[in-house]
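One structure is given below, represented as structure tokens, and several questions about it will come after.
The first chain written gets the first letter, and so on, giving A, B, C, D and E; residue counts start at 1 in each chain.
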Amino acid sequence: MSEFEPKIIAFVCNWCTYAGADLTGTSRIKYASNVRIVRLPCTGRIDFMLLMKAFSRGADGVIVSGCHPNDCHYTSGNFHARRRWIVFKSLLDFMGIDVRRIHFAWVSAAEGAKWAEVVNSVVNDVRALGPYDGYKNLAPIAADWRIQDAG
Amino acid sequence: MLAKMRQKAKDLLSSGVVSTVIGYGEGSGNRVRALFIRKPDDADKLILDERCVQNLAVYLTKREVRALGRPAVVARVPVMRTIQQLMFEKQVAEGEVAVIGISPDSQVLDFPDLKSMAEYVSAIPFELSADEKAAVEKLEKMTAGERWNFWLDVLSGCSKCYACRQSCPLCYCERCTVECNQPQWVSVPSHGLGNLEWHIMRAMHLAGRCVNCGDCFRACPLEIPLNLLTQKIITDIADKFGGADEYALNAFKPDDKEDFIR
Amino acid sequence: MSRIGVFICHCGENINGTVDCAKVAEAASRVPGVSHSVDYKYMCSDPGQSMIKEAIKEKKLTGVVVGACSPRMHEPTFRRACAEAGLNPYLCEMANLREHCSWVHEKSEATTRKAVDLIKSMIEKVKLNQPLQPIKVPVTRAALVLGGGIAGIQASLDIANAGHQVIMVEREPSIGGHMSQLSETFPTLDCSQCILTPRMVEVAQHPNITLHTYSELESLEGFIGNFKAKIRNKARCVDEKLCTGCGMCAQKCPTKKISSEFNAGLGMRSAIYVPFPQAVPNKPVIDKDHCTFFQKGKCKVCEKVCPTKAIRYDQEDRIIDVEVGAVVLATGFDVLGTDFFPEYGYGRYKDVINGLQFERLASASGPTLGVIKRPSDGKVPETVVFVACAGSRDPAKGIEYCSKICCMYTAKHAMLYKHKVHEGSAYVFYMDIRAGGKMYDEFVRRAIEEDDVKYVRGRVSRIYEEDGKLVVKGADTLLGHEPLEIRADLVVLATAGVASSGAEELAQKLHVSYDSHHFFAEAHPKLRPVETNTAGIFLAGACQSPRDIPETVSQASGAASKVAGLFSQEELTREPLVAVVNRTAPPLYSTCTGCGLCMPACPYQAIEMEEIRTRDGTVVKVAAKVNPGLCQGCGTCVALCRVKAIDLQGYTNEQIYAELMAL
Amino acid sequence: METNVYKPYLMRIAEITEETPDVRTFRLEFTKEDEAASFSYKAGQFGEYSVFGEGESTFCIASSPTRKGYIECTFRKAGRVTKALAAREKGDTIGFRGPYGNTFPLSDWKGKSLLFVTGGIALPPLRCVIWNALDLRDNFKDITIVYGARSVQDLVYKKELAEWDARPDVKLITTVDPGGETTDWKGPVGFVPTVLEKASPSSADSVALLCGPPIMIKLTLPVLSNLGFSPENIYTTLENRMKCGIGKCGRCNVGKYFVCKDGPVFTFAQVNELPPEY
Amino acid sequence: MGKKTINVDSLGELFHKIKSGGKRILAPVEKDGVILFGEVASYPEVATGYIQTVFSAKEAVLPRFEEILRFSSEGRDVVIEEESNKPVPTVVFGVRPCDAKSLSVIKAVFERDYPDIFVQSKIDSTTVIGLSCVNSDEYCFCTSVGGAPGDTAGSDLLLTRINDANYLAEIITEKGESIVSSAPELFSEAGNVDKDRHLAQVNRQFDLDELEKRLPALFESPLWAGQSLRCIGCGACSFVCPSCTCFDIQDETDGARGIRLRCWDSCGFAQFTLHTSGHNPRGVQSKRWRQRIMHKFSYQPGELGTAGCVGCGRCSRACPVDMNILQHIKDILEAR
């Protein structure tokens, strides 16, 4: 059986990280193709439920990234997001959800190389953690189909 | 003190200041229940003892209760905190509700208005009890895997009867997120995923708002300790943001500390 | 009925070289709701765009997905194409197959699979896209220009000459900026002040320009076309209307030993002063930190001598509100501070000076009236060492960038020195000579060849004082790293240009991005160099990165033309990607509970509460409402709303959810 | 053999008509021939239409049982399922469970005149009856249709309205609310009850079928009464939220009656006895 | 069909026999002080000394969520998979007579008109070993709604504790017989046992027929609003109720594949009857409370021939705000 390839979903803001990931491209820096980017205007827009939904959709890892503090295109969206993440991440951890699978980052529009590093390190880390079956199997549908797929 | 409360209820009703007094009365078994006293003479049915803990503020946002006219509500500290929060959230306005305050040592408190009630209750430190703290810490000390199994186990019984939500005075939304189906944010059935999503969402939506009255836990037919989640958030908000904000999630400090965003 | 058209761009080989575009188009064609799916070499080309337009018309497409480069690149292109074909432009989305896929992954099945995923995800989003109409907002035709250096002056004059109002704000007592401090300018060696001062006067006299010197921006709110600024007029303690600029006050001021900013610390000024003779406005200010009256409560000499009784010790800062439609940032740069070069003794040895100080020494209006005298003893130096790249291009010092102007001004300095002290020797330590520009290289060559300036390629390692001389130790890398020691009388460091002090704070006030060195960031390094990421705020000059005068002036004119372009419209159309609070049928009217918790989270104060009334006027509910003119579409309120009553057009909950579920 | 009552027929969308920007009519064909052959229904019945993955939605069968081989449904984009339905295109597969519920007693009406009074999106349930009656035209005397909508744009079945209008054996009055007319609108302008009153069709040997928004019904009933229609002779169909359609899920009951099983067709004599739970 | 006795100590062996016969056993178990039906491996896991489980045995035949359809789509086609509706043969042990009776309500609802194979097949493959009540509390009122602490209706085999060592085992059905015959050595013939002597005393508190007769006229009564004022509109009463069957249908997908689930719903929820238009026929709690009472005591008796309440008292115990159904019914009967 081939090595497990994690599915990573990234929620990024349009102005910093999305642009940063564009720069990664323009700079032709290679990184793992496991990541799928969902573009949002601002990290402030990222509803915490989206992260939950990413896992229920089968993500093995999630990246959330936006502008560095003080750099938000909307001035304070990322500050609000940060507060939300602090509470949310702690809550998830408290519930025993594997927070190692959620990577929060600040990647600016100038940090093309950093974006590649972030993706690669998350892919490597999550690959080592293995598939997030514990979460996926919570819903009867995913559990069933997964058994079918395996068989 | 009981007499004073009854007298106060009587006065409020007979003077026409309020049309209903929401308080506690004897229920079935050894339970107490919410009473809606409409006539001064009925005020003697009101009781006050250690069983009287239901957060009666839950009724302040109910349409049918509102339709009865201006209510007075018997309010211990958590209830007063709730009313304060409801005011902050524009669900209760000054003048709409009278409060028969009950101090921690069971004295009847007189408040000329909600503002003075809010001032009184703000002066009482908002923190978890030692037992509550210990319960949160006990869970914190477990490994993530142990916590996962703990919650999977306790939530497995949840049938999504929403008693936790309905008993919560701050869950007054006419259409809860779980009822938003475009998109379907929370999986409806009470399977593992649906339950987890529901409880995470509930806790997050109460983050920075919960007054730790404990009614969600008391309402749960299965006695699921789901207030541990909100209690955890209460400690987090106090520890990480100082707890001074009126609502921690629409405020921020440019130098809010975290150690995981890289 | 969704009839989505999918257009996969090869971008030559840029995408197709890594991603199997035909396969992607084929996979997309099988997605329910897709009725047209093709791939093509260059979708952004005319024929490519025509393909899209024709398909929209022929197949009556209800949505378009273009799988090509970053939407940040060509989204406007394709949306325009859709609009031209009669499809609402907001029904077009792009999937980023180039920057986020083909350019960053190896050619493989997995990469093509990713491309298919990205396309599918966008198809699901587009199915839920709603036709949106641009928001129209009025434009206030006045510009705020921050900074009164040559950049601000040029931008102001251009905008004012185009017939629009300009409000210029300069934090120093006079406009003029660094250019007014310069002696001669390269490569023509004409007198800096001679060419600048007429423009300064023009600014002061221009009917369309309101000048606020000794003033700073307090706050800026609003958005393109509709900014509201607060300007702090710092107290000059002088009634500008009464003051005639006679200079009596400065003459009689007993406190005269204050280091002159204008002379870069090489000269002195009084506590009440006009920074330099040609200052605009030619009105003094009282430097409260040094004024005897303000410090000790006694003196008032200036008040006594003022012939027009213009001194006002009790003057207070005034806050002025202005409404503008655009902002030009022209706040310039600073030179690196003294503590930066302990090994060069800058700040320790009087005769180690920076380039700006040398400008003052060489300037006819300077403290030495243009005679090159060294600061320590006033002697004319026999040997002068110029050190280029002092700080610049030195990652160890935290400044990786090239300050761009130093090569040229160092050549100019050496040349000026040689012109004034024919017998003297001038050495220039350099790393590379960057003399790109019209007549620039010729200028440097002239210094070397005609004026006998000795260029030494190598870094200076240390400078120390010995027997009244400055020993400059370095190495000549062109001569095999031979150690070199020059005993100099004066050392001039071509210190790096850095962001103006307070730039970071200002950027945050204005919500514009800035780089790690606090220089303001342009919206696109190549294609939008004079715009910032915040619409309506433009850049001119060295606040963006160090640059010389001609470049600054052309950029200022560029910014001005952007402003003029903006002001050429009566109203502005804005992207309708704004938040909206739902309104539903009775009896609910809106799912909004009216809790108001979203309001403080809005960075633009765009959320207000609205009373919802029945037809007969009874208030049934109070619900939030978003002012689409103020909303910038960050969506923070959306994520905060517990009942999902607020949604963000273009990024609705349903759209994002569908996008996610398709991944 | 035991069958799964929740298992829908798989139907292919054979045709889509965009009635208004929000309203669509689907013609659905069975994907399996044996199902098509064995399927039958009567005027007034409804079904559960499903978009797989989104859920089910309830609406009537809008086509006439006299037309074999397909069913039609007309719906307005409103909730999660109808929105998803509206996004389907020709050739897509959706699900259909049914037919459920009772029917209009067409056979009892032999020899009678039929008056249809309806408004807006409430025409579809009656359209089924109208076509049914027209296909058995000889069975009935006069057929009168009074149909109104908020505006010209909101009229559904525009092609069929024209067809009915052209028929000598149908009297069709199409009206739009004041303000809803277009410049080329030639029909009457006014609310349905008023227009009906003006037309004053005979109640002799006649039944009326009334279907529309609550306010229209409220104002039309007295008009019908004045015209001489007794509540027993006025029929309507009720709508309530449903999930199962087969009397089990517990939502649609009005008092002791399940709209899904005991309805959806009621006479106003029956409706008047019902508690206000619809 | 016969009366036997079985020694308490033999129950372990009986469980063993049932399990080795390929059946799973659901029985009341204690979890953190709460008694619930759960799967057990052996008899000692079974909880004792309780009045009622929090949730009823209804879950054995009407789980809180259950797949009713499985589908997948490929392009424009949809495939519905053949259902593999093969319920696990189950023995539910320790079912109170009220719960056992409720199975007949569930059966009636799901068999009528359009038989529901999912519930039916589960009922068919489930054997109910009832356990008579020797204790009751103030919330119990089975005798008022046609039941009794030792009622055999709905059980296949009914156990009644008759002394410290023994249970009386009444064989009610074939299924019950087959349990006994699977381990005949564990059972002995019962002599003359006065079963009633060992049962809890539950007094009849109201007249069910009278209630059914009265209710239709009370539809518009203000009493509903008065009673439901303290009701907070949760679904605890419905979900713990052994005879509440209302449900919701929900689709869940994972990419192109999906399942349709039937899951418990409650008439107490505000959204239960909400139309998409925003109109809600039962828009306030009083109407929903009325629906609950009407459905159980007026509509269902007419429709199914049996009340939709078995008097277990669970709703009263579970209610966070002490909506005591028994008291409310008494008040309804007193209303003029």
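Here are a few things to note about the model shown:
We adopt the following convention: a residue touches a chain if its C-beta (ideal position, glycine included) is under 8 Å from a C-beta of that chain, and two chains touch if they have at least 3 such contacts.
Since this is a predicted model, take the numbers as computed values, not measurements.
Centroid analysis (C-alpha atoms only) places E farthest from subunit C. Compared on C-beta pairs in contact, B-C and A-B come out with A-B as the pair having more. Here the chain at the heart of the shown protein, by mean C-alpha position, is A.
With each centre defined as the average position of its C-alpha atoms, the distance from subunit A to subunit E rounds to 45 Å.
Subunit B and subunit E have centres, each the mean of its CA atoms, that are 32 Å apart. Once the centre of each chain is set as its mean CA position, subunit C and subunit E turn out to be 72 Å apart.
Between the Cα centres of subunit B and subunit D there is a gap of 48 Å. In subunit B, the positions touching at least two other chains are 174-175, 177, 182, 185, 187, 191, 194, 249-251. Multi-chain contact residues of subunit D, defined as those touching 2 or more other chains: 79, 92. Touching of two or more other chains is recorded for residues 32, 588, 601, 640, 653, 657, 661 of subunit C.
Here the touching chains pair up as A-B, A-C, A-E, B-C, B-D, B-E, C-D, C-E, D-E. Taken in their complex, subunit C has these residues touching subunit A: 70-73, 96, 98-101, 103-106, 108, 110-111, 113-114, 117-118, 121, 504, 508, 511, 513-516, 521, 533-534, 577, 601, 603-604, 632-636, 638-640, 648, 651, 653, 656-657, 659-661, 663.
Per the touch definition, subunit E reaches subunit C in the complex via residues 73, 75-76, 253, 255, 277-280, 283. Taken together, the subunit E residues at the contact with subunit D in this complex read 68-69, 71, 73, 76-78, 80, 83, 85, 109-110, 112-118, 120-121, 219-220, 245-251, 253, 258, 260, 262, 265, 267, 272-277, 281-282, 287, 291, 294-295, 298-299, 302-303. Per the touch definition, subunit C reaches subunit B in the complex via residues 588, 591, 593-601, 609, 622, 640, 642-644, 653-654, 657-658.
Interface of subunit B with subunit D (complex): residues 181-182, 184.
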